[in-house]
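Shared between the two complexes below is subunit A, which has subunit B as its partner in the first and subunit C in the second.
Right after this comes the complex of A and B.
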């Protein structure tokens, strides 16, 4: 089986997936995924959050990550659905209150196409990691470094705390600056 | 299902491409890395001194403490070490002030990058809040006596009960200290003070703001872009900040996001023009990273980083550095002089013959008793001066009251429509006049306190020199980096770009405050007028149903009847506050005396025990050592 672009493909069709249609409210979009290994299985956790356009440039409000769907790799079967608003760790989070703005500083120099290219690169980076883990091969350090840089640039700083809460190891390895 | 073999993959850090390992790191290496990371996370960052005193000076202070300790002066060594630590621990306090609903708490939250303080459209902050570095984050609540009454977790819910009582309940009193792990505060040793809204018509709040300003190194005045520089804000800047000699200040323009994007540049230009017309040369900063201001003309003042760099530039200002150096040198010299005097007395006793020694010791003890009596006389003198200050204060307040009454009556006689004047102007005019009166009275008290302190210092210096041969440089040394009260030349804030002057007057108040802060965590106030109500709204409309001239006469009577009462209310507890300042000075003097007397008596006892060649040689060595140390602090 070819695991070359598993995450990219997952994201390309995620909104059409019946599980997503069934439980994720309208207006929520997938953020960058988080990878985690549990019981020797690779899990990709897809966070969902919403944005609110204000009509002003770079003032689109970013809301906290509200839902998380976890798929097991490589089958991409849904294994867990989380609504963070009912979890104790997020008891103090006001999910109706913006947490930051898009575009953040690191991507302010990118236009729509530039940002799309960055997002594509990040997802391709996930593909590389997934492939190396599933096939148990050594991940190319230069590619992994490039992925780390792209991911750090792409993720909204205001969401970093949520990513840390989703998986501390993944956060420490790729998102912590 | 695919089983992942490399289950620790995400626990390892990403290697650089050029030194990627061929195999995974060993367990030991991993543990070492983890331990290092852990220690980096838990260890508090040392304060990065922006103001750096000369390395040589700091080394000398350290060496002095060590030398004093080795040569049998452990108490004095501790005092020097304490000075050294104070310099290292010196925090730079930035007060954020302004009328209520000007976005002060939002501004602070933005600077700290998280919602530390609660924000609301209603006036929320009833207590002054000091935000300082500390881990883990917590909220400590102190009562008005400065005693810690509770500790709460740093969370939104903790603020319930600490907020202003907007619905008539009794407001909480005291102050709050918020400890947060913010790296910027930790790295540079910065404290931020959040204050209640200055426009509140509630006297106690105005007092809280004044208390904050007394101890602040710098101030940001939050001005809302939607209500630009009101009359009370102008008055506040002039009378409460500039006149108090806050060394550094800037305007933080807030709520610009509530102005349409196209108008934002014009609003800022308007602010600058207004400041220029008012002859207020104050820098402006807009601490909002997400604000869009078209045109790019004001890019240089927009951003949280701009506010932060402004604070850092204030911190490393030359005058501040010079003040710190002077403070340190003066205080070390006081300690060394004290040591020199002690040694000289000891040497005299040791050198004397056995028969003579007894006489000398008796003489010294008698001298000490005399010194003690003289201290007591000085304290009594200071108490009398305190009473004189209070009497004069009362007389001056009454005099000012008459002047204000006459001024306002004169004004009433000339206004075209007295009713309009009463409704629109009266309240504002009274506040303005009272504000000016407050300033004058503050200045009067400050001058009196300064003069009396100088007298006390002079007397103590003279008597010490006469009685025990010791030079006293400044026994009332302050606990803060402020201009020396005896040094008129220091004008801390006479900076080129700010028409702000710190005179000896404000120094005296600062001194009083510093002493008070040291004693009880609270600072004194002389007179607060920001919140004085005029009672204009309670005047019966019937009074004004009369015609022109009758209205004027009615108003004149009203002014004559009301103003004395208003002034009395405004200055009601001033006598108590003046007494507090003086008492604190007296207490400080008493503590200094007790310390000194105790040391002297100990030395006399030691001298009795030690005699002969060895003791004499030792004392000579000590004297030489102290003299050589004194040369380091000229």
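Right after this comes the complex of A and C.
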């Protein structure tokens, strides 16, 4: 099996997956994933959140991460669905209330196409990390650093707390500056 | 959930003109005061005490019988059934936002209103004053103003967001006694984020409406007829409920109150009635099933399939990315990822200008969404964002 672009392919087809159509309400989109190792299995956790365009530049409202779907790698079979609104750790979160605005400072210089290119690069970076984990090889340090820089730039600062809550190790390794 | 629906003939002429029913809001009476087949006044009683006396009362009226409620009255009573607060609200331009709210309150409980507050809202963005609230207090019960308290929410730079709040107090003659002003963010701890997600947030752009006099031979579907069924959803997540309502009513000829549809959808787990809830794409057809409308739901469709369905006299519901429909595809206004976040009914495709074909929508999410015109290429992009989902409802 070719593990070259597992995450890119997962994201290309995620909206068409029947599980997503069945349980994720309209309007929720996949945010950047989190990689977790559980019981010696690699899991990719895909967070789902809402954005609301207001018609103003850099005033697209970012809402909290509400749902998480976890897929086991490399099969990409759904193994867990979480609604964070019923989890104790998120009891104080108001999911109706925006948590920040997009575009945030780090991507203000990117237009629609520029941001799409960054997003594609981040997902390709995930592909490299996942491939090395699945094949149990050492990831090229320069590629890993480039991925970290792109990911830190792309993730909205207002969502960092949610990423930390989803997986502290992933946050510390890839998102914490 | 609606319980025990009772039909009433309130004027005894042998024609049913009202219904009474219980739902989660309380005991409701819906009246068809002008016998045009539309409920134009709804009374709701709630807050019942142990003796069965309601302590809260609300009335919604459609004063011009156009299908949109535009006058709202609410009253609260105390244990002795004295009215302690009474308010009226008006949506003059029927855009789903109140333009004026007037409230009378008995703050001392002596049975006499002693405070009158009037709030006026400018939802058009045409004035520096976005909202103005005037309160007058009668301290001594002589029914004369003893003091006035006024506040204005101001948008100095005209960007549609509030910048400042000005407070003024006045004496009985209306002379200013004190005036202060503070940044909006400090006012009741409402910051820009709270504001942006509030009812006052910016409405979608008015994209223009289909002209019913357009040469019918150049138009697929029957938009002029379907436009009559359009309603505005206001600040709710009920788009899929409204889209199904439009199709069910067009096909069955039966009018169904939106609250009944919401109750059925909630009761069956097909819908969560909150801004962060809504409907999943696989549940977008459940009310059609419930009301016996023959239909077919599919994904990955082409524009020609919508057009064929309309030409066959069928009704079409789709999921679209509302950002692209309402705000276009500007390079600097976008979300990190697109998807279908909104359900609309496609009621026509207008090719009367062959160079600029337009898709005609019944879009409950915009106050100007009745027969909303969207350029075909913009629609296609917005539709593709959600896997080109289509529900064809067979006439």
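The criterion applied here is as follows: the second predicted complex is superposed on the first by the 177 of 177 C-alpha atoms of A that agree within 3 Å, B and C clash if a C-alpha of one lies under 4 Å from a C-alpha of the other, contacts with A are read in each partner's own complex, and residues count from 1 in each chain.
Keep in mind that, in the parts below, a residue touches a chain if its C-beta (ideal position, glycine included) is under 8 Å from a C-beta of that chain, and two chains touch if they have at least 3 such contacts.
All of these numbers come straight from a predicted model, not from anything done at the bench.
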Quiz item: After the match on subunit A, would you call subunit B and subunit C a fit or a clash?
Solution: clash
Self-check item: Partner chain(s) touched by A:15 [first = subunit B, second = subunit C, both, neither]
Solution: second
Practice problem: Would you sort A:56 into first (subunit B), second (subunit C), both or neither based on which partner it touches? | Solution: both
Quiz item: Given the touch rule stated above, what does A:25 touch, subunit B (first), subunit C (second), both, or neither?
Solution: second
Quiz item: Counting only touches as set out at the top, which of subunit B and subunit C does A:131 meet: first, second, both, neither?
Solution: neither
Exercise. For A:102, select first, second, both or neither according to whether it touches subunit B, subunit C, the two together, or no partner.
Key: second
Practice problem: Determine, under the contact definition given at the top, whether A:112 touches first (subunit B), second (subunit C), both, or neither. | Solution: second
Exercise. Check whether A:75 is in contact with subunit B, with subunit C, with both or with neither, and answer first, second, both or neither.
Key: first
Quiz item: Looking at subunit A, does subunit B or subunit C touch a larger number of its residues?
Solution: C
Quiz item: Which of the stretches 218-226, 308-316, 380-388 or 560-568 of subunit B runs into subunit C once the two complexes are superposed on chain A?
Solution: 218-226
Quiz item: So which bits of subunit A does subunit B touch that subunit C touches too?
Solution: 56-59, 101
Quiz item: What residues on subunit A touch subunit B, complex-wise?
Solution: 35-37, 40-42, 56-59, 72-75, 92, 101, 105, 133-134, 136, 141-142, 144-145, 148, 167, 169-170, 172-174
Exercise. Give every residue of subunit A touching subunit C within the complex, in rising order.
Key: 15-16, 18, 21-31, 50-61, 63, 66, 85, 95-102, 111-113, 115, 119, 154, 156
Quiz item: Where on subunit C does subunit A make contact in their complex?
Solution: 159-160, 193-194, 196-197, 201-202, 204-205, 240, 272, 274-282, 284, 299-300, 319, 322-323, 326-327, 329, 331-343, 386-387
Self-check item: subunit A partner contacts - residues on subunit B that touch it in the complex
Solution: 1-7, 9-17, 20, 155-156, 261, 289-290, 292
